[in-house]
Amino acid sequence: MEDIKMGVFICHCGTNIGGFLDVPSLVEYAKTLPNVTFATDNLYSCSEVGLSLIKEKIEEHDLNRVIVASCTPRTHEPLFRSICQEAGLNPYLFEMVNIRDQCSWVHMKETEAATEKAKILIEMGVAKALLLQPLEKFQIDINPTALIIGGGIAGMTAALNLANQEFKVILIEKEPELGGLLRYLYKLYPTHDDASKVLEVRNLVENHQKIKVITSTEPVKIEGFIGNYKVSVKRRDGIYDIDTGIIIVATGAQVLKPEGLFGYNGSTIITQLELEQLLKENKINVKNIVMIQCVGARNEERRYCSNICCMTALKNAMLIKELKPDANISIIFRDIQTQGTTYEEYYRKAREKGITFIRYIPEKVPIVKESNIEVYNDYLNQDISIPYDMIVLSTPLIANPDSEDLAKMLKVPLEENHFFLEAHVKLRPVDFATDGIYVCGSAHWPADIPEAISQAYAAASRASTIISKDVLEVEGAIAEVDEDLCVGCGICIKICPYNAISMDDNGIAHVTEASCKGCGLCGATCPEKAITNHHFTTKQILAQILASGGK
Amino acid sequence: MGENSNSVLVIGGGIAGIQASLDLAERGIKVELVEKKPCIGGRMAQLDKTFPTNDCSICILAPKLAECYRHPNITLHTLAEVKEITGKAGNFKAKLLQHARYIKAEECINCGICIEKCPMRVDDEFDVFLRKRRAIYIYFLQGVPSIMAIDPEKCLYLTKDACRICEKVCEREAIDFEQKDSEVNLNVKSIIVATGYEPFDPSPLVNLGYKHLPNVVTGLEFERMICASGPLKGHLIRSSDRKEPKKLAFINCVGSRDMKYNPYCSSVCCMYTTKEAMIAYEHDNSIQSFIFYIDLRAGGKGFREYIERGQKEYGIKYIKGKVAKIIEDDDKNPIIIYEDMNTSKMKKFPVDLVILATSMIPNKDTPELANILGIDLDKNNFFLSNAYLPLDSSKKGIYICGCCRGPMDIPNSVIDASGAAAKAAENAIREG
Amino acid sequence: MLKVDFEFRKEIVKDDFSLNYCYQCGTCSSACPVALVTEGEYNPRKIIEESLLGLKELLIKDQKPNVWLCSTCQMCVEECPQNVFLTEIFDNLKNKIVLTGNYPEAYNVQGNAILEYGLAIPLTTPIIRRRQQLGLPSVESANIEEIGKLLEATNFEKKINTNGYSKTEKGGM
Amino acid sequence: MSFEPNILGFLCNWCSYAGADLAGVSRVQYPPNIRVIRVMCSGRVDPVFVIEALATGLDGVIVMGCHLGDCHYIDGNYEEKMKLDLLSKALQLIGLSGRFRLEWVSASEGVRFGQVVSEFTKQIKNEGPSPFSGSKPNQKLKEDLEAIKRTLSDNRLRTLVGRERAITEFGNVYEEIIEFEEYEKIIDDALNSEFLRNKILIKLEKEPLSVKNLSKSLSIESSLILEHIVSLKARNLIDFNRIDGITPYYHALKEAL
């Protein structure tokens, strides 16, 4: 075993520690602890003077473990680690003891007891430091290529942005052409621009030097990790491999076909998407049109609100009004979803155009009769009857049926409605927990064009933070599997939140350094105790436990 | 500063500005992040929890603050304002007004001794005036940079040439009354605007009683009231008699969807009132909440399910109908007058506390900033964006994200911010 | 079952366009003092919803809720977030009702008073005495002739029931 | 002199440790009995750590993590909850569950951190000094604790609890989801039987004993003991030692501690 020489620096933090703890006695105590070759106090360890003292003493005493007892490691550990590194010491051989936030500040009236506690805290630090090991940060080479799965508006937008940032982009699309759902739309809300105008981005994508578009292609197998994914794709003529640094999932969603709902027949009772086609062909020649919202949504089977159908209905109603000002259009709805500035204004405009809005409640859904719809009007507490010539059903976007296969290939989760589940709903909305894979557009959740575009840019941004680097440096304090102890039960693989563990060909678990975040979950759970969580090893923690009892 | 070969100016240090900065910094682009307040964190730092996961807001925000502070590619300019922008995409020149902090940043260790001794008590803006702070203060406890600032408008020395107690007690000699406001000049390739929103003051809606009835508060006030690190230390009591309220009424759309105030929908209120009702219930299971709404807007991921959970597990009652009038009884209990649409009868409904879900409105200085940047505003005074290029402002090289372009929730602000970063990076590279 | 009548709605909208903007939030009923005292029997929101659906039978025939109960205090208009001019709409509905003759008797009394005195509430002896006691200035009577011309031009006399309202019986006290 | 307990706290870096820092910055005062070990995630805390801590004579152990749903590592604290719920049950078997607690404390709950620590300190003061501290540690209890430690170290229970969420939430390899209650019952049964086996094993490590001896010293029916003896023998952990008259004696195959 190496010869351990430990230096302990105890901070007064002005009077913040010194005013409440007996710092000199702490120094004397530290000197009695095993392998402590040097101990001193410091007025402010984090000041220039304090830091150079640490550096100087490391060199002078040839210290190979350093402990600073001061404030919280949450703010100051990076600083002290970098000073150790400057002095030529591996930064993981540093240990911090918090005697301010954990001691002097919270036991201000108990100098004696608090000083005793500080001694124990320092002793625990020393116990751990004795077992610290130098760790190296891993370096992973990054393939500066982006693979985008799905060539709808989201996929195309992300592709274009990344290509304009001069990254190499490969865009694969299941269908024979790019464009996704946008191809079937007539005009878009809230501007009533032709969908074809927005679809013009297709030309830019197809002609961009940095983008390779491969249509009629689907992934069949995905391996690798951040910076180094290998994706096998199936084309008509065989299977090909694509090497990429990151993957963006932009596979979109489908419109629910309301088979068996409200007398759907595809002619007089149709969906909004089918209505778009009639509008495109200017084939509306009826007077009384009734739209029903939340068809197949917000019910037992599909609890969610699909977010975009209210605006779609408003848009199509207004477009009909433009073509046929004397048409009577009614929208039977539950809650009108027009969040924000533009959409709420759009809703007011739809009312201005004379569109009739009738609210219904889920307990009493509208009943479609031969030439009229009967619905319980919640606002009047009465049944009313609305004549119709045509009914348009607003159905939700639903997850693509092949999402499940793709999710399995990517080893990323889906939520209960089978949309892709991001790493964190609030702060990582387009990331997956697995590094280097991103999601945007309706694959994530029903999104309209503006939302899909914002998300596509966001995913491109997140992706660019990786592929802009030649190498990625990852934390050294991660998990490692002892191959001799591992029995291949696979529990660690299931519980790892980051899919950082996989089974190798010999049935032994293997940690992908690039993906591990060092949470320690695997080590605490492994039935065979075959996993070492570096920097928080079982031995280190047991040593701390032992020291915490005091004498 | 001066030479910036490849940098982006980010205006606003809330969650959007922070996310945009972090993305760019990780992308290898230098960022100049400007924040008016003494600390970054923005509105999100004021929230107790976030929907639909009920994550503790500061818990998930704090690591981002620290990352922003430490990132070698990010330069933080707190207490700073953009005063002038010239040039064009690829070559903007920005002039910042750097307000004096009167603190030596590298010396202050946030020990708080100065705060204890400062004699000046000032309304605390961060805690929406529910408590007092001192003239020397840290903007909020978990604030970054975690150092003091002196409020020049309130400091006895700076206003009346007296006191200087903080200077005497500071062991680090971190107080520096010699600091002066200064000018910072930057060259940047692109600009991201992320200046956020402010809450609408509902006082003009006199019939709702805000500021007249003591037990009528706003949503943001409620967030601070119920937050564990807020002025009540998370112990929910009402101000009139310091009793624990048991019956809460939340009024949605206060100032929103209203042609007399803000014609738009503020996007988040249906969700955040649900969240606030849930948190209240978690604090005290005997609390019952009633949420008055026009349309329940819950289109986001898991939002509908969240509201269902509110009903089933937290006993929240949703009542269709907007409230026009609130009066009070002799014990200062607010009484809500509303129409029960199930019976079409009018009800007088006494509760213990009313929470008004006020609109999000553009920051007061948005028009001035629009002028400085030379970009357009929409009719509501948010920065104007284009439906199919939602992050582009009306001027090339300037991008807008988060609530400064319209009300949105945190995930959408984060999406916007990352997206704006992608646009800014694209611009910086193409114009570079 | 009540049938939605788009044509009747259009008639109401023609008189006042602001009807279209209503999104049934209930602010009007929450603000309405008459709704409060009648416990919702009078309900401005419901009248608007019925108008939006063109429910002629309820509005004109059954008069449920009774539009005549509106006190025209304008609180609803004041509070309406969508700037719907409720009282204007109600006035227009009242006009439509009057054409059917199915309106409250009190309006005949008032109408005849206007015909006779140019005032909806004639100056009775007690009113005059009370004004004197309070030191208020006397009220000048209206110019009956001019009012008469106006009423004639608007066909007022034909719209209300004048039978049984003899000029001599009621007035001149 | 009043009893001042030694308490150990495991705090996750992102929420509870931050909450403790906030308590510091806010000068929240609480008793100085707690010493803290910082881990990145509460999910790192192996139940065995808690047992080891109790075995060394610490009077109480508290684990604090992010509130459920707030975990910095997505769902580490859910996994931890499973493990520590099992630990609580195990400690209940030997009457030590009052010395252990799991709490969720967020980064904004500085005051609450202080309250939790104060309450827990009070709780441990009521519990009194650790049965394993001082000059005369309770040997019988120590054996029981050792049996608990082995139970939670052995792979059978670790495997079960490690799969708990996977199986109750996402389904097993046959994609059938077992109800949480049902699974809990499986775990309870496993806990009880493993605990007893380990107790037998520990006895047999010290000296060869008969079923009757074991039944008497463990106060457990001999038929149940026999069942476990058979299974321990099948697992090659014990063997025949000798036959005394008609009574077989057994001994452990591993060295006694």
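Labels for the chains are A, B, C and D, by order of writing; each one numbers its residues from 1.
As a working rule, contacts are C-beta pairs under 8 Å (C-beta built on N, C-alpha and C of every residue); 3 or more make two chains touch, one makes a residue touch a chain.
Remember, it's a predicted structure, so these values are computed and weren't measured experimentally.
With centres computed as the average of Cα coordinates, no chain lies farther from subunit A than C.
With centres set at the average Cα position, the gap from subunit A to subunit B is 23 Å.
Rounded to a whole number, the gap between the C-alpha centres of subunit B and subunit C is 49 angstrom.
Computed from the mean C-alpha positions, the centre of subunit A lies at a distance of 34 Å from the centre of subunit D. Taking each chain's centre as the average of its CA atoms, subunit A and subunit C sit 61 Å apart. Shared interface positions of subunit D, i.e. residues touching 2 or more other chains, are given as 18, 25, 27, 72. Touching two or more other chains at once are residues 53, 55, 60, 257, 295, 320, 341, 343-344 of subunit B.
Annotation for subunit A: residues touching 2 or more other chains are 74, 336, 348, 379, 424.
Chain pairs that touch one another, listed by label: A-B, A-C, A-D, B-C, B-D. The touching residues of subunit B, counted against subunit D in their complex, run 48, 53-60, 62-63, 110, 112, 141-142, 227-229, 233-234. On subunit D, the positions that touch subunit B within their shared complex are 14-15, 18, 22, 25-27, 66-67, 69-70, 72, 106-112. Considering their complex, residues 13-16, 44, 46-47, 71, 74-75, 78, 161, 164-166, 188, 190-191, 193, 198, 298, 303-308, 335-345, 348, 378-379, 381, 415, 419, 424-430, 444-446, 449-450, 453-462, 464-465, 468-469 of subunit A touch subunit B. In the complex of the two chains, the subunit B residues touching subunit A come out as 15, 19, 23, 26-28, 50, 52-53, 55, 60-61, 64, 66, 70, 107, 109, 111, 113, 146, 171-172, 257, 263-265, 267, 295-305, 308, 320, 341-344, 378, 380, 382, 387-391, 406-408, 410-412, 414-423, 425-426, 429-430.
Across the interface of their complex, subunit D is touched by residues 72-74, 98, 100-103, 105-110, 113-114, 116-117, 120-121, 124, 423-424, 433, 477, 487, 489, 491, 494-495, 497-498, 517-521, 523-529, 533, 536, 538, 541-542, 544-546, 548-550 of subunit A.
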